[in-house]
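Next, two complexes with subunit A in common: one pairs it with subunit B, the other with subunit C.
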Partner chain A sequence: MLALTFETFRQLTVDGFFRGCSYGLLGVGFALILGVTGRFHFAYGFTYTLASYLGFTFAFRVNWPFWLSAALGVLLAAVLGALIEAGVYRPLARNAGATALLAVFVAALGIGIAGENLIRLLWGANTQAFYGPRKVGYELWDAIFINFDVWQAASSIAIAVLLAAMLRYTGLGRQIKATRINPDLARTIGIDADRIYVIVFFLGTICAGVASFWYALKYTVDPGMGTLPVTYAFVVAFLGGTTSSPIRVFVTGIVVALIEQYASIWLSVRYTQTAVFVVLVGYLTYLAITQSAWYVRVRTRTAAGV
Partner chain B sequence: MGKQGWQAVHDGRITRRRMLLGAAGVLGAAVLFGACGDDDDDDAGGSGGTSGTSGGTQGGGGDVPEPDWASLLGVDEASAGAGKTIDIGAVLALTGTGSFYGTTMSRGLDLAKKHIEQAGGPTFNYIYLDHKSGDAAAGVQAMNELAARGVQAKFASYGDNLGSMLSLTEEHKIFTFDGGGGTSIPFQGKPYFWGTRAITPNDTLPGLFMWLKETYPDKKTVGLMGWDIGEPSNSIVREDFLKKIEDAGLEFNGLYELVPVGNQDFSQVIPKIKANEPDFLLCGHYGQDPGSFANQASTAGLQAIRIGFEYTPDGLNASRGTYDSEGYTFAFDYFDPDSAVSPFATYFVSEFRREYGEDPDFYAANYYENAFDMWELMRRIWAEDPDAEITGEALDAALREDLTLPSVYGGDESTVGTFTLDETTHSVVRRQMGVFEYKDGKVTPKAFFNINGEDYRTA
Partner chain C sequence: MTVWISYLDQILLYAALALSLNLLLGYAGQVSVAHAAFGAIGGYTMAYTTQAHGWNFLLGTALGMVIAFVIGTIVALPALKLTVEYLILLTLGVSSVILGLVVAIPSLGGTYGLINLPAVDLFGWHLRSPTDWLIPSGVAMVLVYAVCHRIGESPAGRVLKGIREDPVATGALGKNVFAYKVAVFGLTSALAAFAGALIAGWLRLATPGVFGFSFSLTVFAIVIFGGMANLTGTVVGAAIVVLLEPILERVIDLEPAKAGYVELIVYGLALAVLMRLRPQGALPEGFSVWGLLRGRRQSTGRIEMVADWVPTTVQRVVEHDPAHEEPTLEEEQRREHAWHDAPVVLQTKGVSKRFGGIIAADELDIELRRGTITALVGPNGAGKTTVFNLLTGAVAPDAGSILLHGEELVGLQPHQIARRGMVRSFQDVRLFNRLSCLQNVMLAVQGQPGEHAGKLFLSPRAVDRAEQETRERALAWLRFVGMGEFAAVPAGALSYGQTKLVSLARVLATEADVLLLDEPASGIDTKWVDTMLDLIEQVRDQGRTVCVVEHNLHVVGRLADHTYFMELGRITAQGTIAELTSSPRLAEVYFGT
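Here is the complex of A and B:
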């Protein structure tokens, strides 16, 4: 039996917070896309991966400055995200009619698989190390972390807050929210819903790109690196609510990561991902119960004092 | 607005569009040329580059003359199989986190194919299939494809993809050499499946413990973190591991953490190790994983003496300079290209350097050797009947006639090295291993020993 010390708990918490910032950002981007457009954009993993590969290429193959390369990688991936919406999903949804959801879902899976293999073809299947600024370690509250953790958390929080502010206080944000509620009605009041969809894909992919960049800087990049993040993005977006504020989704990401971290106290590390999905299933069960006719009847009777 | 003015605005729009297109073109070209450029510049950024004696880029090579295969390996023209084409499967980690292995193993196989043809042997038609770095479903799919094609022999890795391919290997009688994962403890004695490397980490443990006790006499406790290879394999490996600790007079401190294959984020396991830190932490994971772990363990300030069981450029890359700055100690049947002595080994090293511009590693060496050993078995069959069909059963029987095979390890200036397999376990009974340290771009041997710590000596 391993002894659980307060130091272990603190380290798990700090690591969980930083990891959660990544999950949160991924969830924010995915929720924005899914909530506004209704598209299950599973090619999100491909654009996530591509952002790092492009940054890697500009920095180490073309020898452009590091931060410029990283920013270009994220931006180009975001442009690709927008192009996927404009060039693939939109025409497909328009022509598929009632089966649009399924058609887009299948297309997204196809783009994800094809994209991963394209990366493999262009850059090779080997892992690549993405060297950037010097790593610096810090110790706070007896927990150890590095400068990349701090920068990642700061940039992720900033993006989530900016997105939330944009949605709440700007005209574009109001147009996005109007489109999210009812795109057809939004069109009748002069909002170009197609343009909003493209913007949302661009912004959502920026979130993925930034998360990818920090991951690449801490670990290594490989063509299959986008598979797990897209799963987490989906879980976080679903638990946080696809129409919720980015801040709520972001906090959900941190909670998911902390659950995963704390689960490792009692479970072997190999089972900690399962803990996240147990929470997801529990939440789905809760929703199913609270929305069932039986539960509504019981609540109505209780409220009426019967 | 006059025509001239309109034209000016229009021209301006064209110019902007052209500028945008130009910028897009520059970026596109940069990506394309960059992506398709040299794939081997692992030392980009400097801090964790591949360099030095082993695993580093050597270039040159090709200066060792082709050996006289007839005298060296006993190749007889009548049974060499010239003009024949043999289909052989190669189910490797071509994609995924272990794709490094697929690349280096296939290099060894491809070079051997060329040399076997030069030496008057058959043409090996490799059918490369991908098990996606430990994906059981992909392994089974590959096996079904090989069976459908009627393939009789294959090279495999990851302990025939962590055991998932073994039942189909037996069912379809596909003779298999696994020079990457070996048999491991759980997969010993499986029909048609032979592991040509020492079992890692278990075979290494007795010799490694001798070295640890000698080097750190005041330290006693041992903990392990290793790949989760599923049950019952995990338990079998654990039992053997605990027994070997006890046999060595060391003490297990209760730390036994299993991590997913290909894991890069160790933030969950490191606090658990710190909470119960042993004197010696044995790290039974492979590929880039030990590098990622070393990097994070260093940041977290782990004090335990960490021992890995593999050294690869991929791990070096993932360590982001930690291997170079702090050193990385590992124990296994490591192939040191600079210590190659036999004509077989020196020719291999020299030709590998010429072909690929870098030193061969352990996996390239093993798969090169495996291909030659497969040819050796074929020659035994054709020596009996030059027109005999090569089947899995025939290859298995030919191996059992004599379980000693040529090797690029060992030997001397005039004699080829050998290794010997066990008829029951299908694993090696003799194979030189050692403890090594990588630091500052150089691998230094610390001790050498054989299975069960036999012939132990410090370097």
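Here is the complex of A and C:
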């Protein structure tokens, strides 16, 4: 029999929600980058890791104020994200033409591998603790969480909402959407698509950096910490839709985290990560089937009443 | 010294795994980051069966290959309709699921994996030292190379390259894109499992770390470094990637702990730089070391065409008749009568198609008749290209029937319709840019035995003979359109008008009964138009059935025996072009005057 109490369920839901805010934010950033620029930015994980390491360095090696260091780390990582677009992907895509997607993917893999190991070389391969403000525990409806969870959720939601509002109501947002639909056409009406791409990389990396910072504060930092988040970012971005609103992608992130949490009720913890990917493979299979000629035929026949 | 022999083993084994990926990635253009996971299936199956059940190494390997083949085939099923982005994601997901399951199954050793495997026993020969492993790894590499080479450089490989360049155009030439994709995915998964089993046997362990995601990336990098669709390049790539570590250690003289990181940094940056400077890899597609040694000229670069080149070698089947140029009214009438007397080859009844609220085709009744040219004219957006999409099965009609020689085509896949003898050209040409003109046309030849895996391996001589024949036929069609001297030139290097001619040769080479030509003369230089029209008339005079979509009314006037006028998805008039243009209403619709 399932040994599931209502308390466990509530705890799983609360954990899932907080974790989902992190997945959601990662997905929002990745979806923005992939949806607008079409670049398969696998080095996203590297910029994610770097944000925490930079913040860590400023706060504990240079001894700058904690929050300033954190913000600086995120900003510098975002600048690096923008530089990767301007300095690597853009010339590459121009040169490669029709095979740009694969070329960018391979280059991004390369930068990701090089970056991760550069961090190992500079900061050492060990796990490091990241001491910030004091940790305070809360209890609400029998579920336990900490102040970092609350801040993380609040800032993640705020960023997702701000991005959604920016896309919807500002001139820059409209330019980004125009570029997303058709960069060449956007150019003809005077939008500098190259600039938009750089901005999108900057904004997308901010999302990664913020998610990274809260993770580092709650747990620890290590050079390989970006590998898993980047896969979740992929999954959430695709499930949510790379061209849909940040809000929708964000909610998808929460759903994915909840699936992962609830899977641990029935499955051993060892399988929960796998469960997420099973959902992903299932979803892609579903997509493929609904697009297949066979399915269209069957549906047409049913609709025609044959 | 033993260290270097060990590196050599590693190069051979990694190359074997990467070769299988190159067949998939380089030839078929299917991106997979799951190949190391398929290697894990082979490695773990072999390790588990030999360790826990005392199976023979080869038997365990074979079982691993079967399992990988089945899983690979299943993975490929949804992959058919997915774009590259989704394929990367799908294979990433599959890879995570496979590795996740391997870690989660207790009898496979969890995160520690299976270690201390018994030394591999091949026919009573215990493989213990790196030197012992040289021969088996060499044999394995050569085997995988031979299989990949046989497939990649055969008519089947040509179809794979066609799928890589343009799956829609490949399907329109009668190739079963779906079957090819599934087969190549399954086959390369099995080959990866084979290599994976050998790697596990060589290391005497199968752990999640050995076959982890970073190994997937290494294999991927080997293919990219070496050059896609170049198998020798992959072996070179494996040597580069494997030897990077010892060379860096010795040359830069780093402490071993840091050398690993520096190696990965160099290797990551090299990937990024390579994509910028030499995206085709160390040995580009079509480059052959053996050919170079034998002094054969390498045709890999792009050749820029002289802009004002005009085809001169058009072979005329019938003497050119100047009267064809501007048909008189009587001539048009005579042709219209001839059209009505000719037997119906293709007939559509009430074919309709809606896209949301837009009616793209509304109750279309069209007839194409043998030995005649039927034209489809109408303003932009009238649905002319949609008619071709409906006829060739690219779009399924909501209602209606399409009969070719009395056989119902609705419900058939594009490749099935092409095989029944109706083939289309595309308005945007859709040649396979990285293939030579000759290869483009050869791909269109129907019924090649070399496209079947069984015949490819079991009756090589018949395949070679057929290939020779295919080559001659394709060359004859290229000469027919006056492009014979461009046989070896990659299609991507041609001027627009030349691509139109090659695409006509490609359609003709299918020897289909019914040819649907989408704007064959549009966008090409005026001096080429005559050549093109001459060719189409000759095709008609050979007794084939032709339908053209065309904007240029002079072209239509010269070619068409019968014309349909289309507006907003509906046929609103038909007859000779003179009859249609004399109607003030149609003229207004068409010219907007």
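Everything that follows uses one rule, which is that the second predicted complex is superposed on the first by the 304 of 306 C-alpha atoms of A that agree within 3 Å, B and C clash if a C-alpha of one lies under 4 Å from a C-alpha of the other, contacts with A are read in each partner's own complex, and residues count from 1 in each chain.
Convention: contacts are C-beta pairs under 8 Å (C-beta built on N, C-alpha and C of every residue); 3 or more make two chains touch, one makes a residue touch a chain.
Because the structure is a prediction, the values reported are computed rather than measured.
Undergrad: After the match on subunit A, would you call subunit B and subunit C a fit or a clash?
TA: clash
Undergrad: Looking at the overlay, does A:96 come into contact with subunit B only (first), subunit C only (second), both, or neither?
TA: So A:96 only meets subunit C here.
Undergrad: If we overlay the two complexes on their shared chain A, which of subunit B and subunit C does A:61 touch? Say first, second, both or neither.
TA: Touch partner of A:61: subunit B, not subunit C.
Undergrad: Just subunit B (first), just subunit C (second), both, or neither: which does A:146 touch?
TA: Touch status of A:146: first partner only.
Undergrad: Now for A:268: first (subunit B), second (subunit C), both, or neither, which partner does it touch?
TA: both
Undergrad: Return first, second, both or neither, reflecting whether A:278 touches subunit B, subunit C, both chains, or no partner chain.
TA: Once the two structures are laid over each other on A, A:278 reaches subunit C alone.
Undergrad: For A:250, select first, second, both or neither according to whether it touches subunit B, subunit C, the two together, or no partner.
TA: A:250 contacts neither subunit B nor subunit C.
Undergrad: Have a look at where A:222 lands relative to subunit B and subunit C in the superposition and call it first, second, both or neither.
TA: Only subunit B; A:222 stays clear of subunit C.
Undergrad: Determine, under the contact definition given at the top, whether A:44 touches first (subunit B), second (subunit C), both, or neither.
TA: The answer is neither, since A:44 touches no partner chain.
Undergrad: Quick check for you: in the superposed arrangement, does A:234 touch first (subunit B), second (subunit C), both or neither?
TA: A:234: touches subunit C, not subunit B.
Undergrad: Just to be sure I follow: which residues of subunit A are touched by subunit B in one complex and then by subunit C in the other one?
TA: Dual-contact residues (subunit A): 120, 125, 268, 270.
Undergrad: Please name which positions on subunit C make contact with subunit A in the complex.
TA: The touching residues are 31, 77-82, 84-86, 88-90, 92-94, 96-97, 100-101, 103-104, 110, 213-214, 217, 220-221, 224, 258, 260-262, 264-276, 279, 396, 398-399, 411, 413, 433.
Undergrad: Applying the document's contact rule, which stretches of subunit A touch subunit B when the two form their complex?
TA: Its residues touching subunit B are 1-5, 7-8, 11-12, 15-16, 18-19, 53-54, 57-62, 64, 72, 76, 120, 122-132, 135, 137, 144, 146, 219-220, 222-224, 260-261, 264, 268-270, 272.
Undergrad: Which residues of subunit A touch subunit C once you look at their complex with the stated criterion?
TA: Subunit A reaches subunit C through residues 34, 40, 88, 91-92, 95-96, 98-99, 101-107, 109-118, 120-121, 125, 227, 231, 234-235, 238, 268, 270-271, 273-274, 277-278, 280-281, 284-285, 287-289, 291-293, 296-297, 300, 304.
Undergrad: Subunit A touches which residues of subunit B in the complex?
TA: 27, 30-37, 39, 41-42, 44-48, 94-97, 99-100, 102-103, 228, 254-255, 257-260, 263-265, 267-272, 274-276, 288, 292, 299-301, 314, 317-318, 320
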